[in-house]
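Have a look at the structure below, then the notes.
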Amino acid sequence: MPLKYSSNLLVVQTEIRIRFSEVDSMGVVWHGNYLKYFEDGREAFGRKHGLGYLDFFNNNILTPLVSIECNYKLPLIYGDAAIIYTKYIDCEAAKLLFEYKILKKDTNETIVTAKSTQVFLNSNRELMLTFPDFFIEWKRKMGIIRVC
Amino acid sequence: MPLKYSSNLLVVQTEIRIRFSEVDSMGVVWHGNYLKYFEDGREAFGRKHGLGYLDFFNNNILTPLVSIECNYKLPLIYGDAAIIYTKYIDCEAAKLLFEYKILKKDTNETIVTAKSTQVFLNSNRELMLTFPDFFIEWKRKMGIIRVC
Amino acid sequence: MPLKYSSNLLVVQTEIRIRFSEVDSMGVVWHGNYLKYFEDGREAFGRKHGLGYLDFFNNNILTPLVSIECNYKLPLIYGDAAIIYTKYIDCEAAKLLFEYKILKKDTNETIVTAKSTQVFLNSNRELMLTFPDFFIEWKRKMGIIRVC
Amino acid sequence: MPLKYSSNLLVVQTEIRIRFSEVDSMGVVWHGNYLKYFEDGREAFGRKHGLGYLDFFNNNILTPLVSIECNYKLPLIYGDAAIIYTKYIDCEAAKLLFEYKILKKDTNETIVTAKSTQVFLNSNRELMLTFPDFFIEWKRKMGIIRVC
């Protein structure tokens, strides 16, 4: 009996404030620091929806990133407040996809967009080719999977 | 008189050793730290070929990243030695492209591949739609531009 | 007419949550990351009391750290919530002193204590041997200075 | 038969070059980054003298920092080359002490001095009140311990 996936999208918002130590000598956030913000976003998503590193970890599953792609539109400077939008993208392959958009809080301008792909490793650190049971259960709970 | 660009490629190698502070709680280099290594690679390229941040800076030009794309193949752990290959990719648009490959030193395995795009901002921090003179001069010196 | 300083203390609390990227391969916050948390504390103090980097910056004054001293008592791990207490310590010399204490939120255990010293540099980046006017004004406003 | 400790000092030199991502918006190395450089120094010491994290780790011993103290004298900027001097300081208590001095390479000016203290934790992460055997053996090999 085949599984079907809805086009369901889940988004979590997180507010950050730019730290002095995150700004480079051009006076703007150093581009590499955005990967921390995306991780903040994924963590906020995980805390809200029971899909954090620790939830995976407690199921003996690791979820390393295998790719990330960022497009930088406008800079942020020290003291700026910004909102990270982290969107879960459902996928039929045994992968975990998120899309990110960071907006400057006071102007609503788009600062960065990005997209990351994670895979599942089992307790022997081997690549899993199918979804872990824990994750299928999570999808069901979230209404993402609908059995035909 | 039109300019032509050769398919000339320029590659610089840089050796790094993984720091304790760069490794995460899974015991592997945190994925965001690779952006520092790529920057190390660009800097090494710049120092060798007269195309560093300071060379641009002294010409009143900034070169912020507008996109980066990384593909993670295998992890590095604390103490590993690795080689960053940073390759200049010539381009007809007013952009600066680099491709990166990081290999584990002792096994020659590919750890990460990546590609970045930078643009040119003038002294008013406005996007330049054509190459700065300084950069055209650099291309000429490097034998990348050939006048017909 | 000599100035006198009260022993007035000012404390600001800031809550942080430990990021995955801040934890090292022993599973605890890497010791160097606490300096970011202290800076978070100073910034929160500055935002609350009009004494942030930007307030100094707008008065053409830089306040680089000249010393820091940290004592680590207990570790924090990924996902922990903690409270930074940042205490302004008044001082007769032309210096800016803060003391920090970080407590684990749920147990109230002391994690780290620390103390930092900053100096004032004028617009030529020269050491100022007396307090900048702006800062004397701030002390007055805060009731720290009492004229005899 | 009591052990005696000589006043033997051991120093290792490490060269670093300041990365763009290590410089803050004042154009100088962000003060917290020096803790990475000190760790670079300890690691270089460890690699040279068989006293690295992995040597401890392989003996089931962890050596967390319990205190660090830094005094900042002069700034370093992007591209500067500097030398870290890492000095082992022998001590009768069950601690591991290092002193650090960072000099700017081309001028020999002192940039920062610092000192760190580490303790020994056994495989249960309990504080060890006496030196681990492995470390006594190391001291003997280094000629630091002299049996009367």
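Order of writing sets the labels: A, B, C and D. Residues in every chain begin at 1.
To be clear about the criterion, a residue touches a chain if its C-beta (ideal position, glycine included) is under 8 Å from a C-beta of that chain, and two chains touch if they have at least 3 such contacts.
Computed from a prediction, not measured in an experiment: that's the story for all the values here.
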Farthest chain relative to chain C (centres taken as mean CA coordinates): B
Between the pairs A-B and B-D, the one where more C-beta pairs touch: A-B
Gap in Å, rounded to a whole number, between the CA centres of chain B and chain A: 26
Geometric centre distance via CA averages, chain C-chain B, whole Å: 37
Between chain D and chain B, distance of the C-alpha-averaged centres to the nearest whole Å: 32
Sequence positions of chain D contacting 2 or more other chains: 20-21, 26, 32, 35-36, 39, 78
Complex contacts: residues of chain A adjacent to chain D: 20-21, 23-27, 30, 32, 78
Chain B-touching residues of chain D, taken from the complex the two chains share: 19-21, 35-36, 39-40, 43, 52-54, 78-79
Touching residues on chain B, where the partner in the complex is chain A: 26, 28, 31-33, 35-36, 39, 62, 64-73, 75
